[in-house]
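Each in structure tokens, the structures are laid out below.
Two complexes, one shared chain (chain A), two partners (chain B, chain C).
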Partner chain A sequence: MGKKNYISAALCLVVAIVIMVGTGKNFLAAREVPLPEKGPSVTEVKMLSDWFDGLKDTNGDTPVYVLKGEKEGGAALVLGGTHANEPSGYMSAFTFIETAVVEAGTVYVIPYTNHSAMTHNDPGEGNIQYFTIPTQSGERTFRFGSRATNPIDQWPDPDVYVHYPSNQQLSGSETRNINRAYPGRPDGNLTEKMAYGVAELIRTENVGITFDLHEASPEYPVINATVAHQNAMDIASEGCIELLLGGIDMALEQSPTNFHGLTHRELGDFTDTMAILMETANASQGRLRGASGVEQVIGGLDRFYEINEDLGMLYVPFDENGHPIEERCGRHLQGIYEYIAAYNNANPDDAIIYSGVPGYDELFLNADPATLGGAHLGSFLK
Partner chain B sequence: MSIELITFIAMVAVFLLGCFAAKLPVSISMVLSAIAGSLVGGHGIAVRHLVEGMFSYVDTILVIATAMIFMKVIQESGALDAIASVIIERFHKVPALMLCMIMLIIMFPGMITGSSTASVLSAGSIMAPVLMLMGVPMLETAGILAMGGVLGMIAPPTNIPAMVIGAGIDIPYSGFGLPLSLLTFPLAFLFVLMFGYKHVKKMNYLEVQAKLNTESRKKFGFKVYIPLVLAIVLMTLTKLVPSFSIGMPLVFLISAVVGCFTGYKINLLKVSKDSVNSVLPVMGILMGVGMFIQIMTLTGVRGFIVTFCMSLPAWARYIAIAISMPLFGAVSSFGSASVLGVPFLLTFLAQDEIIVASALSLIAGLGDMMPPTALAGIFAAQVVGMEKYTPVLKKCLIPCLIIIVWGLLFIAGANILEPFIILG
Partner chain C sequence: MNKKISALLLAGVMILSLAACGSQGSASSSVDPSGETVGLTEAFAEAPILVTSGGQSADYQMVGTLMGKIGMDYKISNLATSADLGDAKTLIVVVGGSSKGLGAAGIDADGELARLEELIDGAKTAGLSVIAMHTGGEARRGDLSDKFIAPIFEKADYAIVVSAGDEDGLMSGICSGAGIPMDSIDSISKVATVLPAAFK
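Entry: the complex of A and B
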């Protein structure tokens, strides 16, 4: 190798090291995820490893906020951040934790169900890493993560993912999707351990009703919808009618018995909880979306989805107002309220009573349209 | 003109200028193209996105590097010569059957792993000398390898593009076996006979026999086959026992290390260095491709392309599938399945979803024949010792068109086929 080649090689090496250090710091910073402020009813912040110690000292361990009322009652669990690229899931959990006043019973809230997924982004998706919104205490920055566990924590994926215990086969990348890993197993991979931890919490605390908060791309058929395990269908039907009467367009589906690994199937089958999953419309998911940006993630705006609405490709209406985060969180929080009310009707001795959490009207319908897209949601956060 | 279209034009222009005007390697041209897209799209030089995108294909890169090491080891250990001579000696009297068997062997690693690269570089490299000794010309041999790789990747039991498309609308990967078999095996037998039969049927066995190198067989006996047997056993175990999932790279590495002790002496370090050197351009292309996709998505170019395809009238969607899925596969066949396969499947929800997803996966698989990545074409050319891979792609043009028509027929007739080929 000539002298000239050595110089070029050295230059390339220096550039590579500079890029490596710079981006390395950026990727490491993503491992610090912001946590909710404690709301009026938060009595304890535990870790999921308190229910399953196999998660201790792993990136799968995650805070569990315990909101205990003064009166005895039943227990509910709210799962936010199952998919860390579906912000209305974890932002609803944040809002619940920071605003709820629980009078009877106990509500467990996990803002980041797949904590590991919060610490990276999906290669190839060109997603944003952070978004900032004004709150009561000033600007707060939140993470935007990935659908799946960080490969730093669980790698490599097998060619084919075989679900335990059903033996259902899915694409290998689904191995890191916690909503294909339930009921989980104590000696499985990290994602299966996280799912097992959630199931253990439900079993130990006798959680009567569980909510899993999701978002889907507007072209995905199951959207603006609730999916419930068959043992939760009575409650889900009653709650769904209330939502419809309240002006929220909500479809109700029973969990398919042949599609495994999801909360609404496995938590219903392997625990005594009534498992309910809700989906809202997220413009930053899907293949039809336009350029990535904060306005897409929390404003819910996207020009290409407007075009695809005209093409009849979508399962939700989509216009220039999009689907702002307030509408999406409002749907989730109102859904939790109505389904818990229906649960209380069926289980008066195990009632879960709370107030103070903004619903669909406060968050979306009654809001000044100019404040939608983060600012209005932030006004409820500490 | 929308900013997305301008960005797309800028990316394609910089790529073409890099490749043809500046004569830069394809990988570097893709990086420059991604940077140009990032600049035109208003994101400056989005270093974080470039690095993140580069990691998209890290698993594939590992498979390629280790499969190449394995291939060189079995070549230098004498295993390839041994198995070629055995197959010809045993089966030369039934050439058509032998060709079909050879095709199945080429497809096997792809069927197990879902990777055309694994097929071409492992079983393909074993069968290439057999085919050439029997009189199949180098180019036709490469064609058989390439098509075997693509069809092996799509054939059951493991078809990753079908899984990716199914996952997009939550269809579990079950019930795909028969549709995928019908989509792949008839074509595989057709192509191997198309390329090979006329050469093999006039084979003069005595001439061929004189060329067979049986020395390694005589010297090492069964021992020389151990790395091949081990690779097959490990691949099959990975499939049958999920808890044993050690991954393709480790399967190839373990078999390669064992191969160092079962035949002629091998300097593993030198072989590894040579192997990685020979696949470095392909690994570079995959890194560039990752950056390219990331910037396309970041800037909305991906959405622009997909929306354009969806905006076509219903009849034109068949044409869009035929053109856009293999073309997008130039970036990656798995990417094509994910980015275009899922929306196309959504437009055909009135048809049987499993058959449509299976057929779309077959067409997406052609991405592995589309330059600049063209993994199946590049490695097939490399295995038979050709310097350029473009003649292989030209040779495979008609089979590729047949694949497209076959796939579209399945989509159009999905509801007619459904009672016969969807079990349960």
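Entry: the complex of A and C
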């Protein structure tokens, strides 16, 4: 081998090592996920493994923020980050944790319900890994994760996913989707263990009402919608009417009895909680979008969705203003407020009373349009 | 040559398929939207009231919740048949198709349509007043929801419609054509205002 070949080989090796170090650092950094600052009512930060120790020392263990009021009352649970690529879910959870003043009862908030899914993303989708918004303390960076558990933590996927205990069969990749894993099982895979941990928390703490916060692509039919277990439909009807009166376009659907693994089905069936799931419009999902970017994720903008709106392909209105993160979080947080108010009407002895959390008006309708797309939401965060 | 002929034939079939798709969509908008509807002028209905769904969307529950809020007494059953009419004197059918709702109820669209036809025919035979409502706006339009609209609205004595769901004039066209009084409202919350006026 000539001298030149040695030099070329050495150069290639150096370039390969530089790339490996760079990508390796990026890969490892994804395991660090930013956490909420403690708000005025946070009395404790526990881990989901405190309710199910099978999660201890796994990437499925996740912080649970406990916001306890001074007065006795009922218990509510807010699940953010069930799907880590649906940012209004976990950003609503952050906002609730950092702003809520709980007067009666206890609110448990899990910002990253599938913690493992937050530690990777979907590079095949060209998705971003992080986004940054200005907050009261300066710029804060948040993760943008994946819909499913990190394959580092659970692999390989079976060809067919068989849900426990219904035996419903789904695509193999759904085995890492926590919203197909409920009610979970203690000796199952990591995703099933996470689901079991959530169900155990609900059972142990007598959680009366549970919210699961989601987003969906504009071309998905169940959008700007609430899906509720049949035992929560009276409360959901009352809350939904209040949302409509407040100018929020919200459809209400009852959870199908034959579609298993989802919070609104299994948590209602296997615990005593009233399970409610909400969907907002996310421009960074779906097949009709343009190239992925921050402007989709938190700006809610996409010119290809504008075109598809004109073609009648979408289930939500979509214009040049898009659906900024403030609108999406505002819908979720106003929804939580109205559904809890309806819950309180039906359960006055177990009321959950809180204030201080910005709703739809504060977050979206009354905002300076120039600040939408992250800055206005950040003004409520510590 | 044969390949070229096959390709041309295939292209022709595809174009015909697309045309067929188009014709289905235009059927719902073929209703003349210029027909004038007339609102309700005098009360005609009486309690007791039975509320049911027409398509298994949750809109019937929201209407029930609103009725409860204003003190109207009613029974509610999403799967009611004529055997459930009991002593009811008014049947309210809240129309809106939902695939999730049909799944939750364990019934398919054809079964739901058959149930509604049997229920409404039974109600008419028993002399009940029938009120058709469409309160879900644009979100409750489309192939599934539209399947339930005509069979229910055509047999109604009175209709209440959230206007956003009737921009193509489908429901107002049916009502004006059949002389059925219809009130358009801008949101479901207005049900609480117009519905009590229908009751003696």
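Assume the second predicted complex is superposed on the first by the 363 of 382 C-alpha atoms of A that agree within 3 Å, B and C clash if a C-alpha of one lies under 4 Å from a C-alpha of the other, contacts with A are read in each partner's own complex, and residues count from 1 in each chain.
Convention: a contact is a pair of C-beta atoms (placed from the backbone, for glycine too) under 8 Å apart; a residue touches a chain by one contact, two chains touch by 3 or more.
These numbers were taken from a predicted model, which means no experiment stands behind them.
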Original post:
Should A:M233 be classified as contacting the first partner (chain B), the second (chain C), both, or neither?
Top reply: second
Original post:
Just chain B (first), just chain C (second), both, or neither: which does A:F259 touch?
Top reply: both
Original post:
Counting residues of chain A in contact, which comes out ahead: chain B or chain C?
Top reply: B
**OP:** Please indicate which partner A:L311 is in contact with in the superposed arrangement: first for chain B, second for chain C, both, or neither.
**Re:** first
Original post:
Which partner does A:I19 contact after superposing on A: first (chain B), second (chain C), both, neither?
Top reply: first
**OP:** Classify the contacts of A:S379 with the two partner chains as first (chain B alone), second (chain C alone), both, or neither.
**Re:** neither
Original post:
Where does A:L244 make contact in the superposed view: on chain B (first), on chain C (second), on both, or on neither?
Top reply: second
**OP:** Would you check which partner chain A:E125 touches, where first means chain B only, second means chain C only, and both and neither mean what they say?
**Re:** first
Original post:
Is A:T371 in contact with chain B, with chain C, with both, or with neither (first, second, both, neither)?
Top reply: neither
Original post:
Considering each complex separately, which residues of chain A are in contact with chain B in the first and with chain C in the second?
Top reply: 221-222, 258-259
Subject >> List of chain A residues in touch with chain B within their complex >> reply: 19, 22-23, 26, 121, 123-126, 129, 156-160, 162, 168-174, 219-222, 258-260, 287-292, 302, 304, 307-308, 311, 313
Subject >> Contact footprint of chain A on chain B as seen in their complex >> reply: 4, 41, 47-49, 51-56, 59, 62, 113-115, 158, 160, 163-164, 166-167, 169-170, 172-174, 238-239, 242, 245, 247-249, 290, 293-300, 302-304, 306-307, 310-311, 335, 338-340, 342-343, 346-347, 349
Original post:
Mind pulling up the chain C residues that touch chain A in the complex?
Top reply: 56-59, 61-62, 64-66, 69, 98-101, 103-104, 106, 136-137, 139-140, 187-189
Subject >> Interfacial residue positions of chain A with respect to chain C in the complex >> reply: 221-222, 224, 227-228, 230, 233-234, 236-238, 240-241, 244-245, 249, 251-259, 315
